[in-house]
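Presented sequentially are two complexes of chain A, the first with chain B as partner and the second with chain C.
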Partner chain A sequence: MESLVLQPTAHTPSVSLNSTTGVCEFKGRSTPENSVEYYDPIYKWIDAYVLNSNSKTVVNVQFEYFNTSSSKCILDVLKKFVKLHNAGKEVKINWFYEAEDDDMKEAGEDYSDILKIPFEIQSID
Partner chain B sequence: MATQKENLFKSETQILEQSENLLSKQDATFDEYKDFFKELCFNYSELLDQTRLITKVSDKLQNKLNSAYEAVEVKNIELQNTIDELTKARVGRKAQTIILFLGLSLFVLEEIVLEPIVDKSTGNNIWIGLSIKLVIAFLLKPLESFVEEWLLKGVKKSEMASVQVMANPKLA
Partner chain C sequence: MIDYLSIYEKMHDNNIMLTFKGEVTFDLINSMLKIIESRLDMIEGDLKTRKKVYNVLVECLQNLVHHIDTIDPGEDASPYLSKTALLMITTSSDGYHVVTGNYILNDKIDKLKDWLDEINSVSPEELRELYKQILNNEKFSEKGTAGLGFIDIARKSGQKLVYTFQPVNDRYSFFSFQITIPKNYLIAQSK
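And then the complex of A and B:
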(Lines of atoms letter the chains of each structure in order from A and count residues from 1; the text may use other names and numbers.)
(Lines give C-alpha, C1' and ligand atoms only; values in the text may rest on other atoms or scores of the structure.)
Protein backbone atom coordinates (compact mmCIF):
# COMPACT_ATOMS: atom_id res chain seq x y z
CA MET A 1 0.00 0.00 0.00
CA GLU A 2 1.39 3.37 -1.01
CA SER A 3 1.81 6.27 1.36
CA LEU A 4 -0.28 9.39 0.90
CA VAL A 5 1.52 12.70 1.02
CA LEU A 6 -0.24 16.02 0.48
CA GLN A 7 1.82 19.18 0.41
CA PRO A 8 0.60 22.10 2.51
CA THR A 9 -0.99 25.19 0.94
CA ALA A 10 -2.28 28.41 2.46
CA HIS A 11 -5.62 26.72 3.08
CA THR A 12 -4.76 23.06 3.51
CA PRO A 13 -2.53 21.17 5.92
CA SER A 14 0.41 18.95 5.11
CA VAL A 15 -0.65 15.33 5.27
CA SER A 16 1.64 12.34 5.48
CA LEU A 17 0.08 8.90 5.85
CA ASN A 18 2.71 6.18 5.94
CA SER A 19 1.48 2.60 5.82
CA THR A 20 4.99 1.17 6.37
CA THR A 21 5.70 2.96 9.63
CA GLY A 22 2.08 3.40 10.68
CA VAL A 23 2.68 7.08 11.35
CA CYS A 24 0.01 9.48 10.12
CA GLU A 25 0.61 13.19 10.37
CA PHE A 26 -1.57 16.25 9.84
CA LYS A 27 0.00 19.67 10.24
CA GLY A 28 -0.96 23.27 9.44
CA ARG A 29 -4.11 25.16 8.58
CA SER A 30 -7.27 23.51 7.33
CA THR A 31 -9.65 25.92 5.67
CA PRO A 32 -10.26 24.39 2.24
CA GLU A 33 -13.07 25.72 0.12
CA ASN A 34 -14.48 22.22 -0.14
CA SER A 35 -13.47 20.23 2.93
CA VAL A 36 -15.19 17.03 1.84
CA GLU A 37 -13.36 17.02 -1.49
CA TYR A 38 -10.03 17.66 0.24
CA TYR A 39 -10.49 14.98 2.92
CA ASP A 40 -11.99 12.37 0.59
CA PRO A 41 -8.64 10.81 -0.49
CA ILE A 42 -7.61 10.77 3.17
CA TYR A 43 -10.80 8.90 4.13
CA LYS A 44 -10.20 6.41 1.33
CA TRP A 45 -6.56 5.88 2.32
CA ILE A 46 -7.48 5.23 5.97
CA ASP A 47 -10.30 2.86 4.97
CA ALA A 48 -7.79 0.86 2.93
CA TYR A 49 -5.17 1.05 5.71
CA VAL A 50 -7.64 -0.23 8.32
CA LEU A 51 -7.99 -3.45 6.28
CA ASN A 52 -4.24 -4.09 6.39
CA SER A 53 -2.80 -1.97 9.15
CA ASN A 54 0.38 -2.03 11.21
CA SER A 55 0.22 -3.47 14.71
CA LYS A 56 0.82 0.05 15.99
CA THR A 57 -0.49 3.28 14.51
CA VAL A 58 0.51 6.74 15.67
CA VAL A 59 -1.51 9.73 14.57
CA ASN A 60 0.20 13.10 15.02
CA VAL A 61 -2.09 16.08 14.67
CA GLN A 62 -0.82 19.65 14.79
CA PHE A 63 -3.31 22.15 13.49
CA GLU A 64 -2.82 25.90 13.68
CA TYR A 65 -6.36 26.63 12.65
CA PHE A 66 -9.31 24.87 11.04
CA ASN A 67 -12.72 25.95 9.88
CA THR A 68 -16.06 24.50 10.95
CA SER A 69 -16.46 21.98 8.13
CA SER A 70 -12.86 20.83 8.63
CA SER A 71 -13.62 20.19 12.31
CA LYS A 72 -16.25 17.67 11.17
CA CYS A 73 -13.86 16.12 8.63
CA ILE A 74 -11.08 15.85 11.22
CA LEU A 75 -13.53 14.12 13.55
CA ASP A 76 -14.50 11.69 10.79
CA VAL A 77 -10.80 10.99 10.09
CA LEU A 78 -10.04 10.33 13.75
CA LYS A 79 -13.16 8.15 14.09
CA LYS A 80 -11.72 5.88 11.43
CA PHE A 81 -8.69 5.35 13.68
CA VAL A 82 -11.07 4.63 16.56
CA LYS A 83 -12.47 1.77 14.45
CA LEU A 84 -8.94 0.44 14.14
CA HIS A 85 -8.49 0.71 17.90
CA ASN A 86 -11.80 -1.05 18.49
CA ALA A 87 -10.59 -3.83 16.18
CA GLY A 88 -7.80 -4.51 18.69
CA LYS A 89 -4.95 -2.60 17.10
CA GLU A 90 -2.75 -0.22 19.06
CA VAL A 91 -3.62 3.33 18.11
CA LYS A 92 -2.33 6.49 19.73
CA ILE A 93 -3.31 10.02 18.84
CA ASN A 94 -0.91 12.85 19.68
CA TRP A 95 -2.56 16.27 19.55
CA PHE A 96 0.06 19.01 19.43
CA TYR A 97 -0.70 22.66 19.99
CA GLU A 98 1.43 25.78 20.23
CA ALA A 99 2.11 26.77 23.83
CA GLU A 100 -0.09 29.87 23.80
CA ASP A 101 -2.88 28.50 21.64
CA ASP A 102 -5.52 27.66 24.25
CA ASP A 103 -8.20 27.25 21.58
CA MET A 104 -6.29 24.39 19.95
CA LYS A 105 -5.65 22.83 23.34
CA GLU A 106 -9.37 22.94 24.15
CA ALA A 107 -10.21 21.55 20.71
CA GLY A 108 -7.88 18.63 21.46
CA GLU A 109 -9.65 18.06 24.77
CA ASP A 110 -13.02 18.10 23.00
CA TYR A 111 -11.87 15.55 20.43
CA SER A 112 -10.37 13.43 23.20
CA ASP A 113 -13.70 13.41 25.10
CA ILE A 114 -15.56 12.21 22.03
CA LEU A 115 -13.11 9.62 20.74
CA LYS A 116 -12.27 7.80 23.99
CA ILE A 117 -9.01 6.23 22.76
CA PRO A 118 -5.40 6.89 23.90
CA PHE A 119 -5.11 10.58 23.20
CA GLU A 120 -2.24 12.72 24.34
CA ILE A 121 -2.41 16.51 24.23
CA GLN A 122 1.03 18.05 24.10
CA SER A 123 2.20 21.63 24.04
CA ILE A 124 5.05 22.62 21.71
CA ASP A 125 7.20 25.77 21.84
CA MET B 1 -21.95 24.48 -1.50
CA ALA B 2 -25.18 22.57 -0.94
CA THR B 3 -23.50 19.48 -2.37
CA GLN B 4 -20.60 19.86 0.02
CA LYS B 5 -22.93 20.10 3.01
CA GLU B 6 -24.85 17.05 1.81
CA ASN B 7 -21.60 15.09 1.45
CA LEU B 8 -20.27 16.37 4.76
CA PHE B 9 -23.23 14.76 6.49
CA LYS B 10 -23.49 11.78 4.16
CA SER B 11 -23.47 9.07 6.85
CA GLU B 12 -25.92 11.02 9.04
CA THR B 13 -28.26 11.48 6.07
CA GLN B 14 -28.06 7.74 5.34
CA ILE B 15 -29.06 6.89 8.93
CA LEU B 16 -32.05 9.23 8.66
CA GLU B 17 -33.11 7.58 5.40
CA GLN B 18 -32.80 4.13 6.98
CA SER B 19 -34.98 5.27 9.90
CA GLU B 20 -37.62 6.63 7.54
CA ASN B 21 -37.55 3.40 5.51
CA LEU B 22 -38.12 1.33 8.66
CA LEU B 23 -40.99 3.54 9.73
CA SER B 24 -42.69 3.14 6.38
CA LYS B 25 -42.20 -0.64 6.44
CA GLN B 26 -45.55 -2.32 7.16
CA ASP B 27 -44.31 -5.71 8.36
CA ALA B 28 -41.44 -4.64 10.69
CA THR B 29 -41.24 -6.65 13.88
CA PHE B 30 -40.79 -5.35 17.41
CA ASP B 31 -37.25 -6.78 17.53
CA GLU B 32 -36.37 -5.04 14.30
CA TYR B 33 -37.61 -1.75 15.75
CA LYS B 34 -35.78 -2.40 19.01
CA ASP B 35 -32.45 -3.21 17.30
CA PHE B 36 -32.73 -0.23 15.05
CA PHE B 37 -33.72 2.03 17.93
CA LYS B 38 -30.62 0.88 19.83
CA GLU B 39 -28.47 1.75 16.82
CA LEU B 40 -30.30 5.04 16.41
CA CYS B 41 -29.61 5.95 20.06
CA PHE B 42 -25.90 5.27 19.51
CA ASN B 43 -25.85 7.36 16.34
CA TYR B 44 -27.84 10.11 18.03
CA SER B 45 -25.29 10.18 20.84
CA GLU B 46 -22.49 10.46 18.30
CA LEU B 47 -24.33 13.22 16.47
CA LEU B 48 -24.88 15.09 19.73
CA ASP B 49 -21.15 14.89 20.54
CA GLN B 50 -20.38 16.06 17.03
CA THR B 51 -22.82 18.97 17.32
CA ARG B 52 -21.29 20.02 20.65
CA LEU B 53 -17.81 19.89 19.12
CA ILE B 54 -18.74 21.79 15.96
CA THR B 55 -20.62 24.44 17.97
CA LYS B 56 -17.59 24.94 20.25
CA VAL B 57 -15.23 25.13 17.29
CA SER B 58 -17.55 27.55 15.53
CA ASP B 59 -17.78 29.79 18.62
CA LYS B 60 -14.00 29.76 19.01
CA LEU B 61 -13.60 30.68 15.36
CA GLN B 62 -16.00 33.59 15.83
CA ASN B 63 -14.04 34.73 18.90
CA LYS B 64 -10.82 34.56 16.91
CA LEU B 65 -12.43 36.56 14.10
CA ASN B 66 -13.71 39.14 16.60
CA SER B 67 -10.24 39.50 18.15
CA ALA B 68 -8.65 39.80 14.72
CA TYR B 69 -11.26 42.39 13.70
CA GLU B 70 -10.62 44.41 16.88
CA ALA B 71 -6.85 44.26 16.30
CA VAL B 72 -7.35 45.44 12.70
CA GLU B 73 -9.58 48.30 13.95
CA VAL B 74 -6.89 49.43 16.44
CA LYS B 75 -4.20 49.24 13.73
CA ASN B 76 -6.49 51.17 11.37
CA ILE B 77 -6.88 53.97 13.90
CA GLU B 78 -3.11 54.05 14.51
CA LEU B 79 -2.47 54.12 10.78
CA GLN B 80 -5.03 56.91 10.23
CA ASN B 81 -3.44 58.95 13.05
CA THR B 82 0.02 58.51 11.50
CA ILE B 83 -1.32 59.49 8.05
CA ASP B 84 -3.03 62.57 9.57
CA GLU B 85 0.17 63.62 11.34
CA LEU B 86 2.22 63.12 8.18
CA THR B 87 -0.29 65.10 6.11
CA LYS B 88 -0.30 67.88 8.72
CA ALA B 89 3.51 68.00 8.73
CA ARG B 90 3.63 68.07 4.92
CA VAL B 91 0.97 70.76 4.71
CA GLY B 92 2.71 72.72 7.51
CA ARG B 93 5.97 72.76 5.56
CA LYS B 94 4.13 73.89 2.43
CA ALA B 95 2.36 76.67 4.37
CA GLN B 96 5.70 77.81 5.86
CA THR B 97 7.24 78.04 2.39
CA ILE B 98 4.28 80.03 1.05
CA ILE B 99 4.38 82.42 4.04
CA LEU B 100 8.15 82.82 3.74
CA PHE B 101 7.78 83.96 0.13
CA LEU B 102 4.74 86.10 0.99
CA GLY B 103 6.58 87.72 3.90
CA LEU B 104 9.65 88.43 1.80
CA SER B 105 7.47 89.88 -0.98
CA LEU B 106 5.58 92.09 1.48
CA PHE B 107 8.81 93.36 3.03
CA VAL B 108 10.28 94.08 -0.39
CA LEU B 109 7.05 95.81 -1.50
CA GLU B 110 6.96 97.83 1.71
CA GLU B 111 10.58 98.86 1.20
CA ILE B 112 10.20 99.75 -2.47
CA VAL B 113 6.64 101.08 -2.72
CA LEU B 114 5.35 102.10 0.72
CA GLU B 115 8.54 103.38 2.35
CA PRO B 116 9.16 106.21 -0.19
CA ILE B 117 5.52 107.36 0.06
CA VAL B 118 5.57 107.28 3.86
CA ASP B 119 8.92 109.06 3.99
CA LYS B 120 7.62 111.74 1.62
CA SER B 121 4.39 112.37 3.51
CA THR B 122 5.70 112.14 7.08
CA GLY B 123 9.10 113.67 6.66
CA ASN B 124 11.34 110.66 7.17
CA ASN B 125 9.58 109.35 10.29
CA ILE B 126 11.26 105.97 10.74
CA TRP B 127 8.68 104.80 13.31
CA ILE B 128 5.87 104.61 10.77
CA GLY B 129 7.94 102.42 8.40
CA LEU B 130 9.03 100.28 11.34
CA SER B 131 5.42 99.94 12.53
CA ILE B 132 4.31 98.79 9.08
CA LYS B 133 7.11 96.16 9.07
CA LEU B 134 6.06 95.01 12.55
CA VAL B 135 2.41 94.70 11.45
CA ILE B 136 3.55 92.58 8.48
CA ALA B 137 5.69 90.44 10.82
CA PHE B 138 2.84 89.92 13.32
CA LEU B 139 0.46 89.04 10.49
CA LEU B 140 2.71 86.25 9.22
CA LYS B 141 1.86 83.68 11.93
CA PRO B 142 -1.97 83.99 11.66
CA LEU B 143 -1.58 83.95 7.90
CA GLU B 144 0.46 80.75 8.12
CA SER B 145 -2.30 79.11 10.23
CA PHE B 146 -4.93 80.25 7.74
CA VAL B 147 -2.94 78.87 4.77
CA GLU B 148 -2.33 75.61 6.65
CA GLU B 149 -6.07 75.21 7.37
CA TRP B 150 -6.91 76.02 3.77
CA LEU B 151 -4.40 73.48 2.44
CA LEU B 152 -5.63 70.82 4.90
CA LYS B 153 -9.22 71.38 3.73
CA GLY B 154 -8.05 70.85 0.16
CA VAL B 155 -6.25 67.61 1.07
CA LYS B 156 -9.30 66.30 2.98
CA LYS B 157 -11.56 67.19 0.06
CA SER B 158 -9.37 65.26 -2.38
CA GLU B 159 -9.17 62.31 0.07
CA MET B 160 -12.98 62.22 0.32
CA ALA B 161 -13.24 62.32 -3.46
CA SER B 162 -10.82 59.40 -3.84
CA VAL B 163 -12.73 57.41 -1.18
CA GLN B 164 -15.97 58.04 -3.09
CA VAL B 165 -14.32 56.92 -6.33
CA MET B 166 -13.09 53.74 -4.61
CA ALA B 167 -16.61 53.09 -3.30
CA ASN B 168 -18.19 53.87 -6.66
CA PRO B 169 -15.71 53.48 -9.58
CA LYS B 170 -18.32 54.91 -11.98
CA LEU B 171 -17.56 58.39 -10.50
CA ALA B 172 -13.96 58.20 -11.82
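And then the complex of A and C:
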Protein backbone atom coordinates (compact mmCIF):
# COMPACT_ATOMS: atom_id res chain seq x y z
CA MET A 1 0.00 0.00 0.00
CA GLU A 2 1.33 3.42 -0.99
CA SER A 3 1.88 6.15 1.54
CA LEU A 4 -0.18 9.30 1.28
CA VAL A 5 1.77 12.54 1.51
CA LEU A 6 0.14 15.94 1.14
CA GLN A 7 2.26 19.08 1.14
CA PRO A 8 1.11 21.92 3.38
CA THR A 9 -0.42 25.12 2.00
CA ALA A 10 -1.49 28.36 3.70
CA HIS A 11 -4.81 26.73 4.53
CA THR A 12 -4.18 22.98 4.57
CA PRO A 13 -1.91 20.88 6.81
CA SER A 14 1.02 18.67 5.91
CA VAL A 15 -0.17 15.08 5.95
CA SER A 16 1.95 11.96 5.96
CA LEU A 17 0.27 8.57 6.22
CA ASN A 18 2.77 5.73 6.13
CA SER A 19 1.50 2.16 5.90
CA THR A 20 4.99 0.66 6.30
CA THR A 21 5.79 2.32 9.62
CA GLY A 22 2.19 2.76 10.80
CA VAL A 23 2.90 6.40 11.60
CA CYS A 24 0.27 8.92 10.51
CA GLU A 25 0.96 12.62 10.90
CA PHE A 26 -1.09 15.79 10.55
CA LYS A 27 0.66 19.08 11.08
CA GLY A 28 -0.06 22.75 10.50
CA ARG A 29 -3.24 24.56 9.57
CA SER A 30 -6.58 23.33 8.42
CA THR A 31 -8.91 26.02 7.11
CA PRO A 32 -9.70 24.77 3.60
CA GLU A 33 -12.53 26.18 1.50
CA ASN A 34 -14.25 22.81 1.47
CA SER A 35 -13.05 20.58 4.29
CA VAL A 36 -15.09 17.52 3.29
CA GLU A 37 -13.51 17.59 -0.16
CA TYR A 38 -10.04 18.09 1.27
CA TYR A 39 -10.31 15.23 3.78
CA ASP A 40 -11.91 12.79 1.36
CA PRO A 41 -8.66 11.18 0.05
CA ILE A 42 -7.47 10.95 3.67
CA TYR A 43 -10.64 9.07 4.69
CA LYS A 44 -10.19 6.72 1.74
CA TRP A 45 -6.56 6.02 2.58
CA ILE A 46 -7.37 5.19 6.21
CA ASP A 47 -10.30 2.97 5.19
CA ALA A 48 -7.90 0.95 3.01
CA TYR A 49 -5.20 0.94 5.70
CA VAL A 50 -7.59 -0.38 8.34
CA LEU A 51 -8.15 -3.50 6.20
CA ASN A 52 -4.45 -4.31 6.18
CA SER A 53 -2.85 -2.36 8.99
CA ASN A 54 0.38 -2.57 10.94
CA SER A 55 0.29 -4.26 14.33
CA LYS A 56 0.93 -0.82 15.81
CA THR A 57 -0.33 2.56 14.60
CA VAL A 58 0.74 5.94 15.93
CA VAL A 59 -1.23 9.04 14.99
CA ASN A 60 0.56 12.33 15.58
CA VAL A 61 -1.62 15.42 15.41
CA GLN A 62 -0.09 18.87 15.68
CA PHE A 63 -2.37 21.63 14.51
CA GLU A 64 -1.57 25.29 14.66
CA TYR A 65 -5.12 26.31 13.67
CA PHE A 66 -8.18 24.58 12.40
CA ASN A 67 -11.62 25.90 11.58
CA THR A 68 -14.87 24.41 12.85
CA SER A 69 -15.72 22.66 9.62
CA SER A 70 -12.31 20.95 9.76
CA SER A 71 -12.95 20.03 13.39
CA LYS A 72 -15.68 17.69 12.23
CA CYS A 73 -13.43 16.13 9.57
CA ILE A 74 -10.62 15.69 12.09
CA LEU A 75 -13.03 13.84 14.38
CA ASP A 76 -14.09 11.59 11.49
CA VAL A 77 -10.42 10.87 10.70
CA LEU A 78 -9.68 9.96 14.31
CA LYS A 79 -12.83 7.84 14.55
CA LYS A 80 -11.48 5.65 11.75
CA PHE A 81 -8.45 4.90 13.92
CA VAL A 82 -10.79 4.08 16.81
CA LYS A 83 -12.24 1.37 14.57
CA LEU A 84 -8.76 -0.11 14.27
CA HIS A 85 -8.36 0.03 18.04
CA ASN A 86 -11.72 -1.68 18.54
CA ALA A 87 -10.58 -4.42 16.15
CA GLY A 88 -7.83 -5.23 18.64
CA LYS A 89 -4.91 -3.39 17.04
CA GLU A 90 -2.56 -1.16 19.02
CA VAL A 91 -3.39 2.47 18.28
CA LYS A 92 -2.17 5.58 20.00
CA ILE A 93 -3.05 9.18 19.28
CA ASN A 94 -0.60 11.91 20.28
CA TRP A 95 -2.09 15.39 20.33
CA PHE A 96 0.60 18.09 20.35
CA TYR A 97 0.03 21.75 21.15
CA GLU A 98 2.25 24.80 21.52
CA ALA A 99 3.07 25.28 25.21
CA GLU A 100 0.97 28.43 25.70
CA ASP A 101 -1.89 27.44 23.43
CA ASP A 102 -4.59 26.50 25.94
CA ASP A 103 -7.29 26.48 23.25
CA MET A 104 -5.48 23.77 21.29
CA LYS A 105 -4.93 21.81 24.50
CA GLU A 106 -8.65 22.09 25.26
CA ALA A 107 -9.48 20.93 21.72
CA GLY A 108 -7.35 17.83 22.35
CA GLU A 109 -9.23 17.18 25.59
CA ASP A 110 -12.55 17.47 23.73
CA TYR A 111 -11.46 14.85 21.18
CA SER A 112 -10.05 12.63 23.89
CA ASP A 113 -13.40 12.76 25.77
CA ILE A 114 -15.34 11.78 22.66
CA LEU A 115 -13.01 9.06 21.36
CA LYS A 116 -12.09 7.06 24.45
CA ILE A 117 -8.93 5.43 23.07
CA PRO A 118 -5.27 5.84 24.17
CA PHE A 119 -4.84 9.58 23.66
CA GLU A 120 -1.93 11.59 24.95
CA ILE A 121 -1.96 15.39 25.05
CA GLN A 122 1.54 16.83 25.04
CA SER A 123 2.90 20.35 24.99
CA ILE A 124 5.83 21.24 22.74
CA ASP A 125 8.16 24.20 23.23
CA MET B 1 -14.47 65.84 -3.97
CA ILE B 2 -15.04 63.61 -0.93
CA ASP B 3 -13.05 64.65 2.12
CA TYR B 4 -10.62 61.74 2.13
CA LEU B 5 -8.51 63.26 4.86
CA SER B 6 -11.44 63.11 7.25
CA ILE B 7 -12.12 59.48 6.28
CA TYR B 8 -8.48 58.66 6.88
CA GLU B 9 -8.49 60.44 10.24
CA LYS B 10 -11.66 58.69 11.34
CA MET B 11 -10.16 55.32 10.44
CA HIS B 12 -7.00 56.24 12.29
CA ASP B 13 -8.84 57.46 15.41
CA ASN B 14 -10.91 54.28 15.53
CA ASN B 15 -7.77 52.16 15.25
CA ILE B 16 -9.08 50.30 12.25
CA MET B 17 -6.68 47.49 11.34
CA LEU B 18 -8.65 46.41 8.31
CA THR B 19 -11.95 47.26 6.72
CA PHE B 20 -13.57 45.73 3.71
CA LYS B 21 -16.89 46.05 1.95
CA GLY B 22 -17.62 43.93 -1.07
CA GLU B 23 -18.03 40.42 -2.30
CA VAL B 24 -16.41 37.90 0.01
CA THR B 25 -14.58 35.08 -1.77
CA PHE B 26 -12.25 32.37 -0.49
CA ASP B 27 -9.17 34.01 -2.09
CA LEU B 28 -10.08 37.33 -0.57
CA ILE B 29 -10.45 35.74 2.86
CA ASN B 30 -6.99 34.23 2.59
CA SER B 31 -5.51 37.59 1.65
CA MET B 32 -7.20 39.31 4.58
CA LEU B 33 -6.09 36.61 7.00
CA LYS B 34 -2.53 37.02 5.77
CA ILE B 35 -2.63 40.78 6.31
CA ILE B 36 -4.11 40.47 9.79
CA GLU B 37 -1.70 37.72 10.78
CA SER B 38 1.34 39.82 9.91
CA ARG B 39 -0.17 42.86 11.66
CA LEU B 40 -0.84 40.79 14.77
CA ASP B 41 2.72 39.47 14.73
CA MET B 42 3.89 43.08 14.88
CA ILE B 43 1.51 44.54 17.46
CA GLU B 44 0.41 41.67 19.70
CA GLY B 45 3.06 40.06 21.89
CA ASP B 46 0.82 37.45 23.47
CA LEU B 47 0.64 34.21 21.46
CA LYS B 48 -2.66 33.19 23.01
CA THR B 49 -4.35 36.45 22.07
CA ARG B 50 -2.89 36.34 18.56
CA LYS B 51 -4.25 32.86 18.00
CA LYS B 52 -7.64 33.74 19.42
CA VAL B 53 -8.03 36.77 17.16
CA TYR B 54 -6.98 34.73 14.13
CA ASN B 55 -9.30 31.86 15.01
CA VAL B 56 -12.29 34.08 15.66
CA LEU B 57 -11.63 35.91 12.41
CA VAL B 58 -11.49 32.64 10.47
CA GLU B 59 -14.91 31.66 11.82
CA CYS B 60 -16.44 35.10 11.22
CA LEU B 61 -15.23 35.04 7.61
CA GLN B 62 -16.46 31.50 7.13
CA ASN B 63 -19.86 32.60 8.39
CA LEU B 64 -19.87 35.41 5.84
CA VAL B 65 -19.05 33.10 2.94
CA HIS B 66 -21.57 30.45 3.84
CA HIS B 67 -24.50 32.38 5.21
CA ILE B 68 -24.83 35.48 3.12
CA ASP B 69 -28.20 35.81 1.45
CA THR B 70 -27.87 37.11 -2.05
CA ILE B 71 -30.00 40.03 -3.02
CA ASP B 72 -31.05 39.81 -6.65
CA PRO B 73 -29.84 42.89 -8.50
CA GLY B 74 -33.33 43.20 -9.97
CA GLU B 75 -34.95 43.30 -6.58
CA ASP B 76 -35.92 46.46 -4.84
CA ALA B 77 -32.79 46.49 -2.76
CA SER B 78 -30.70 49.07 -4.55
CA PRO B 79 -28.39 50.75 -3.82
CA TYR B 80 -27.29 47.54 -2.10
CA LEU B 81 -25.16 45.19 -4.12
CA SER B 82 -25.71 41.48 -4.06
CA LYS B 83 -23.55 39.10 -2.05
CA THR B 84 -21.57 41.87 -0.43
CA ALA B 85 -20.62 42.06 3.18
CA LEU B 86 -18.85 44.33 5.62
CA LEU B 87 -15.83 43.35 7.68
CA MET B 88 -14.02 45.56 10.13
CA ILE B 89 -11.24 44.77 12.57
CA THR B 90 -10.36 47.40 15.14
CA THR B 91 -8.26 47.56 18.28
CA SER B 92 -8.79 49.43 21.51
CA SER B 93 -7.12 49.34 24.90
CA ASP B 94 -9.36 46.48 26.02
CA GLY B 95 -9.15 44.23 22.99
CA TYR B 96 -9.61 43.41 19.35
CA HIS B 97 -13.03 43.84 17.82
CA VAL B 98 -14.25 41.94 14.80
CA VAL B 99 -17.39 43.32 13.17
CA THR B 100 -19.25 41.74 10.28
CA GLY B 101 -22.37 42.87 8.45
CA ASN B 102 -24.42 41.06 5.84
CA TYR B 103 -27.91 40.75 4.43
CA ILE B 104 -30.18 38.05 5.75
CA LEU B 105 -33.62 36.91 4.67
CA ASN B 106 -36.21 38.06 7.21
CA ASP B 107 -37.60 34.58 7.67
CA LYS B 108 -34.20 33.29 8.83
CA ILE B 109 -33.85 35.88 11.58
CA ASP B 110 -35.78 34.07 14.33
CA LYS B 111 -33.73 30.90 14.02
CA LEU B 112 -30.40 32.75 14.03
CA LYS B 113 -31.48 34.99 16.91
CA ASP B 114 -32.55 31.99 19.00
CA TRP B 115 -29.22 30.30 18.34
CA LEU B 116 -27.15 33.37 19.30
CA ASP B 117 -29.27 33.93 22.42
CA GLU B 118 -28.85 30.31 23.44
CA ILE B 119 -25.07 30.57 23.11
CA ASN B 120 -25.10 33.80 25.15
CA SER B 121 -27.23 32.28 27.90
CA VAL B 122 -25.09 29.27 28.82
CA SER B 123 -22.00 28.99 31.02
CA PRO B 124 -18.54 28.28 29.56
CA GLU B 125 -18.80 24.68 30.75
CA GLU B 126 -22.21 24.22 29.13
CA LEU B 127 -20.89 25.82 25.97
CA ARG B 128 -18.07 23.29 25.87
CA GLU B 129 -20.54 20.41 26.30
CA LEU B 130 -22.76 21.83 23.58
CA TYR B 131 -19.75 22.05 21.27
CA LYS B 132 -18.75 18.44 21.92
CA GLN B 133 -22.30 17.25 21.46
CA ILE B 134 -22.69 18.95 18.08
CA LEU B 135 -19.18 17.92 17.01
CA ASN B 136 -19.91 14.29 17.76
CA ASN B 137 -23.54 13.97 16.73
CA GLU B 138 -24.69 16.45 14.15
CA LYS B 139 -24.29 16.05 10.43
CA PHE B 140 -22.80 18.66 8.15
CA SER B 141 -25.22 21.12 6.62
CA GLU B 142 -25.57 21.16 2.86
CA LYS B 143 -23.12 24.05 2.78
CA GLY B 144 -20.47 21.91 4.49
CA THR B 145 -20.57 23.88 7.69
CA ALA B 146 -20.74 22.28 11.06
CA GLY B 147 -22.99 24.64 13.02
CA LEU B 148 -20.11 25.18 15.40
CA GLY B 149 -18.89 28.58 14.22
CA PHE B 150 -20.68 30.84 16.69
CA ILE B 151 -20.02 28.47 19.60
CA ASP B 152 -16.34 28.49 18.73
CA ILE B 153 -16.32 32.30 18.54
CA ALA B 154 -17.95 32.49 21.98
CA ARG B 155 -15.58 29.91 23.48
CA LYS B 156 -12.37 31.39 22.11
CA SER B 157 -13.27 34.97 23.01
CA GLY B 158 -14.92 34.20 26.34
CA GLN B 159 -17.32 37.06 25.52
CA LYS B 160 -20.98 37.46 24.68
CA LEU B 161 -21.97 37.69 21.04
CA VAL B 162 -23.28 41.17 20.20
CA TYR B 163 -25.66 41.55 17.27
CA THR B 164 -28.47 43.55 15.69
CA PHE B 165 -30.89 43.01 12.83
CA GLN B 166 -31.86 46.19 10.96
CA PRO B 167 -34.82 45.95 8.59
CA VAL B 168 -33.99 46.79 4.96
CA ASN B 169 -37.26 45.90 3.23
CA ASP B 170 -40.01 43.30 3.57
CA ARG B 171 -37.66 40.49 2.52
CA TYR B 172 -34.25 41.40 3.89
CA SER B 173 -32.58 42.75 6.98
CA PHE B 174 -28.99 43.66 7.70
CA PHE B 175 -27.31 41.45 10.29
CA SER B 176 -24.49 43.15 12.23
CA PHE B 177 -22.31 41.03 14.47
CA GLN B 178 -19.57 42.06 16.86
CA ILE B 179 -17.17 40.10 19.01
CA THR B 180 -14.36 41.33 21.22
CA ILE B 181 -11.24 39.36 22.01
CA PRO B 182 -9.84 40.80 25.25
CA LYS B 183 -6.21 41.90 25.07
CA ASN B 184 -5.16 40.40 28.32
CA TYR B 185 -7.19 37.30 28.21
CA LEU B 186 -6.31 36.00 31.67
CA ILE B 187 -7.45 39.17 33.44
CA ALA B 188 -10.72 39.19 31.54
CA GLN B 189 -11.30 35.57 32.39
CA SER B 190 -10.79 36.01 36.12
CA LYS B 191 -13.34 38.85 36.37
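Throughout what follows, the second predicted complex is superposed on the first by the 125 of 125 C-alpha atoms of A that agree within 3 Å, B and C clash if a C-alpha of one lies under 4 Å from a C-alpha of the other, contacts with A are read in each partner's own complex, and residues count from 1 in each chain.
We adopt the following convention: a contact is a pair of C-beta atoms (placed from the backbone, for glycine too) under 8 Å apart; a residue touches a chain by one contact, two chains touch by 3 or more.
Note that this is a predicted model, so its numbers are computed, not measured.
The superposition on chain A brings chain B into a clash with chain C. In the superposition on chain A, contact of A:Val36 is made with both chain B and chain C. Of the two partner chains placed by superposition, A:Val5 touches none, neither chain B nor chain C. By the touch criterion defined above, A:Glu100 reaches chain C but does not reach chain B. Of the candidate stretches 58-66, 94-102, 112-120 or 130-138 in chain B, only 58-66 runs into chain C once the two complexes are overlaid on chain A. Judged by the document's definition of touching, chain A residues 34-36, 65, 67-69, 71-72, 75, 103, 106, 110, 113-114 lie at the interface with chain B and also at the interface with chain C.
Residues of chain A touching chain C in their complex: 10-11, 31, 33-36, 65, 67-69, 71-72, 75, 98, 100-104, 106, 110, 113-114. The touching residues of chain B, counted against chain A in their complex, run 4, 7-9, 49-50, 52-54, 56-58, 60-61, 63-64.
By the touch criterion given at the top, residues 26, 30, 33-34, 47-48, 51-52, 54-55, 58-59, 62, 128, 131-132, 135-136, 140, 144-146, 148-149, 151-152, 155-156 of chain C touch chain A in their complex. Residue ranges of chain A in contact with chain B, taken from their complex: 34-37, 65-69, 71-73, 75, 103, 106-107, 110-111, 113-114.
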